[in-house]
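So, here's a batch of structures to check.
The following pair of complexes shares a single chain, chain A, combined with chain B in the former and chain C in the latter.
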Partner chain A sequence: MSTTTYLIDVSVTISIIFLILFYVYYKYNSTKSEMDKIAEKTDYVDTGSYFRDAIGGKNKSIGMSAFLLNDAKSIGVRYIITSIIFFFIAGTFGVIMRVSLVEPTPTLFLNRTVLYDILTTQHGLLMIYMWALGSALGFSYYLLPTFLKVKKDSMGGYSSAAYWIYILGGIFILLSRTSTRWYFYPPLSLNLNPYNAGGFNWLAVLGMEMIFVGVVIAAIVVIKMIIMDRDENVKIEQMPLFAWAVLFTLIMLVASAPFFMLGLAMTFYDFFNPIFFVSSSSSPLSFTEMFWIWGHPIVYIAILPQFGLIYEIIPKFTGNKIYSYASGVLALGLLMPLSELVWGHHLLNSGFGLEWGLFFTTASFLVVIPSAITVFNYIATLWTSPKIRLTVPMLFVVNGIFDFIIGGITGVIQSNLVLNEVLHGTYWVTGHFHFIFLGITTGIAFAVIYMLFPSLTNGRKYNVRLAHWHFTLTAVGSFIMSMGWTIGGFYGMPRFVAGYFARFQAFQDTAILGGVIVGVAQLFFLANIFVTYSKAPSIASSNALEDAYNLPAIESGGE
Partner chain B sequence: MAERTISSGILFGVVIIILMFGGLYYMLSAPTTLNGGLIESSSMSYTKTVNVTLYANALGWDYGIKGDTVNPTINVTAGTRIIFTVIEDDTAPHTLTIADSSKESSTHLTLITTSQLTTTIGHTVVASYIFDKVGPWTYWCEIHPTTMFGTINVLPAAKTSAQVNSNSQLNPGQIGISHNTVNSLNSIFQDLLDSSGALVA
Partner chain C sequence: MNQKYKIEIIWIVAVLAILFASMGINFYVTGMKSFSVATKETPGEKTPGTLIQATGVQWSWSFEINGVKTVDNFTLTVNQTYTMVITSLPVGTGQAVIHDLLIPEFGIQVYAVPGQNNTITFTPDKTGTFIFECVEYCGYDHYKMRGYFTVVK
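The block that comes next holds the complex of A and B.
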């Protein structure tokens, strides 16, 4: 097939998507204008919340109505739905990628190893931007109005627009079949040749830019929600730790996103007139620096909200308060500036000088301090609790702390200026961040989804046996997979390649075993949805995370 | 209400499964052959070898090298292997891209990429290609497609075999390279360049 055919395919797909969106918008707008008239008559402050209340109380469950309503809860549900969908899409890519490495010589992708590059890129981009960032934004939108007792939703229209821009950007990235890795380094990203699957790199860059626009708008709305829409009774010094975590995360996001947005815009210009990164007076290294000023904070953006969520989950299953609220806030606050200063440790091998290398190595070691404060805070809370109820969300939390310790230590080791010469570009790095992303990002996200299950499914209990299988296989599989990579990487196993030297086969096969186990584990989650929905709702559609914040207000005669 | 929520949850799961396999199918059906079969296989044989030297300049291939002419037309017979020697002549990035039609085509093959040919003046990159298909071919620079644009005529082997000596250096007289004259705008640019060069010197 030629490029023209692909262009036609893509344009037809996009046109259909736009048609659907326009129809949905038309239906929504015509309903909303009627509702707005009624809301004005009945003296509602915010028309969006009237819309929500009129359709049937606080709408929280999974369904199409979440895509039509503009209140914070519905937008949170939207983000959660799409992040789960993209998690499964990108997860499938990951498992197929793993399976293709069963032999040192490419088997599944023989003579078309570019498919491996595409799958790597898509797996990374979708997991980071659509799953980690999407689920974090979803939980923020969903939980913060309750945590902060927000009386009225505002800026719902902006949030909704931001969501649609964001999701369209994700779809563009999926359609682009780009193989630039998630770095978009030129000159590879400037390659518009259909071979190497670079034909639609421009679409990926455009999609990336749209994701940024959406996420930054959403971040500003949520920051405004935390700072300005809080109830007067919720003092900022008594704010839930999750709100602090989201606040620091989003400030970090807004502060560091412009660098990469600008870099992408310059890349896009370079498609037509390459003056920025590949001309005689410029260097691709300048792009890598613009990328990593954003690229390191995004890694923290993917875990900081989850740190906050751990602080919220632990008290529910241990029965005592967080050991030290102040040190929790301090640690989260320290992680924000420190993670902005360590981006250079991704470029220690690029030759930007020993002084910079020493600076970034030292700064990377400093990140240990707030991370250790956080982890010790968790451990102290667990240690001092009279009894720990090891339900599925709590198991995910304990496993997350365990994985974070391993992932954190491997991360500090590789930021060493000398060891980085050896470990750079090996599977050690992959192992390091999969420990953290599978343990903290994915694990805690599923813990929260299980805790919100009655609300999200409109009053259904999840099947505990299937959930236990989901947890056990995820924990065991991710440990086997990441450990295989970490050890293999220490022996020099290079990452990002579709084949490998035969002496690494033991490590690769270990990782394949783990990867397939992780993949199968997620099918148990999928099965859980089917099993749960095959039964009628049996319990109240409240959830443990939000109830704790609803109760005291009623006791003290709030509202 | 109950029936509606049941279907929405099941729908969610079904959508996930469909998108999992749909996404995988979409990714695995990505184009992996080089530009619609323009790649030369390792078993392809060739009868002659022709050397072509091209100076890569944003104002036109061979700009200012062979008088006032740019973008030479190259005539070869089918089965000829052309060894392109591309020399950077200005400081702009260039590619050498070919297609088997009389104009730029989506099924093209970039023989020399921007990352191979650096922007240092005088940098030389050699690439070769066996022209098997009879008909007009096009070569151009993907970055400057409006100025750096020329034709390769691949003629049937029997008729013109006498015209080409194997392993010979291609020169204008031998195989009838025709040249386009530089348009006046380019001359003005060249004058400007010359004067600025004189000023710097």
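The block that comes next holds the complex of A and C.
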């Protein structure tokens, strides 16, 4: 396809999207004025909080209205719904690219290895920005108003606009078919056009900028919600740990995003007039550094809210309090500055030299301390609890802690300056990353979705058997897949390649097996939604995370 | 002593024991073997050992040892010191992208950056055929940037 036809395609798509947006705006305005009248009748000053309370307690249907209303709960539901959709898109890409590695030479795609590159790039970008970040923002918007007893939703319009910018950015990335990996390293992202691989990288860069604009606005709104909109009775030193986790995460996000936003803007300019990263007075490494100052915090941003959520889930099923609240806050707080100092360990072999290498290695080792405090806190809470109810969310939590320990240890090993020369760029890193992302980010997100199930589906119970299958296959599959990668990477199996040395066949086959199991497991989740929706609502649309917030055990919701 | 303190004491002791053990192993291993890290410098007159000029192009590695040029293949002599200078094609050739040369068996990994010479010194201590590969995505046929090299007596 030539660039001209593609430009026409893109402009038609954008026009359709804008038409839809105008329609949505019209619908929103008419709904809002209608709802305002009802809210006024029921003596509510703030319309937003009326919607929130109505959705929380009075068995009010959510449906598509979440996309039209501006209160925090609705925006949270929006983020959760779209993040699940993008999870399935990106997951499909992941399974296809994994299966394509069935032979050492790329035969499945008829030697069009660029398909592999596109799928991998899309899988990474969408999973990180649309699933991990989207679900984290969704849970923050959905849960924090209840946790902090927020009485009034403010800045709903900003949140809503931020959401639409963010979603449009994700769609742009999907349309761009970029294949630059999620790094966007400039000489390559500028050069890739001739091979018809990522001729539309500029669209992906634009999409990334939109995601950033949306996410930063949302972050500021949520930070304001935590610091300023809190009820007077909820003191900051007694705030739920999830609120602390979100607060630290979003401060980290706002502090480190500008580097990459600036880098992307300069890259965008380089497409037309290369003066920044590929000129004689600069080095392509300048961009890699700007990228990793953001690129390392983003992986912490994807797990810190989930750390907070684990602190919220465990007491619900064990019946005792968190072992140590203060050390939990301390650990989450330590992770924030440390994550900003370790970005260099992604570039240890780029010619930093020994001194900087040792600095970044030492800083990376220091991250172990808060991570270990967090994990020990979880284990102590489980250890000292009288009884543990192993429901599906709790199983996800236990598996997440287990996977995080393995992923954490592999992470420390690879941050060693000398071992990094062997392990960097191999599947070891992929294994380390997926242990944590499948165990913590994805696992805990599913745990929370299962706990919020009655609220999200308007009073329906999830099918426990399907949920058990979902959990078991996800846990087993992700372990097989990540372990195959970790061991293969130790022998030097390079990542992000469409073909590989025949000696790595066994590890790749193991990973394919695991990947397919993980893919099948998610179908059980999909089946669960459809099975549940075929039945009428049977329980109250309250959920364990919110209603029993101050009570130890749960009676309604869940199982 | 209540349970809370017991748990904490077990942890502190166990973690400290593991940490000190791994620190000992680390000192022992790093003391046995010298290692080198890639640095951003152009080798001067006092280059230790033989110079290997490695250049990453899309999509192969070219090596130059003592004036002999080879592509995706080279031969070294065991127990002899080599200094490898790694770079990518300069900006303006249209092929200027970042590569990353990895030789897993010898623990060598150096970025090939356009317009920058990265240097690493190493001494192969075993004979045989080993793999090398590019581990930084560099375009369409990135996976073809790999090959075998031999270390002979």
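Assume the second predicted complex is superposed on the first by the 514 of 559 C-alpha atoms of A that agree within 3 Å, B and C clash if a C-alpha of one lies under 4 Å from a C-alpha of the other, contacts with A are read in each partner's own complex, and residues count from 1 in each chain.
Assume contacts are C-beta pairs under 8 Å (C-beta built on N, C-alpha and C of every residue); 3 or more make two chains touch, one makes a residue touch a chain.
These numbers come from a predicted model, not from an experiment.
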Touched partner set for A:Asn191, first chain B, second chain C, both or neither: both
Partner chain(s) touched by A:Thr92 [first = chain B, second = chain C, both, neither]: first
First (chain B), second (chain C), both or neither touched by A:Ser279: both
Touching partner for A:Ser541 - first (chain B), second (chain C), both, neither: neither
Which of chain B and chain C A:Gln122 touches, first, second, both or neither: first
Which of chain B and chain C A:Ile529 touches, first, second, both or neither: first
Partner chain in contact with A:Leu354 - chain B first, chain C second, else both or neither: second
Partner chain in contact with A:Thr362 - chain B first, chain C second, else both or neither: neither
Contacts of A:Gln505 with chain B and chain C, given as first, second, both or neither: neither
Residues on chain A lying within both footprints (that of chain B and that of chain C): 114, 187-188, 191-192, 195, 197, 278-280
Of all residues in chain B, those that touch chain A in their complex: 2, 4-6, 8-10, 12-13, 15-17, 19-21, 23-24, 26-28, 30-36, 91-93, 106-107, 110, 113-115, 118-120, 142-143
For the chain A and chain C complex, residues of the former touching the latter: 106, 113-114, 117, 180-181, 183, 185, 187-188, 191-192, 195, 197, 278-280, 283-285, 288, 323, 347-354, 357, 372, 376, 380, 383-384, 417-422, 424-426, 491-492, 494-501, 503
Chain A partner contacts - residues on chain C that touch it in the complex: 3-4, 7, 11, 15, 30, 35, 37-40, 91, 94-98, 100, 102, 104-105, 107-111, 113-116, 118, 131, 133-144, 146
Of chain A, residues touching chain B in the complex: 1-4, 6, 61-64, 81, 84-85, 88-89, 91-93, 96, 111-112, 114-115, 118-119, 122, 174-175, 177, 187-188, 190-195, 197, 199, 273-274, 278-281, 457-458, 526, 529-530, 532-534, 536-537
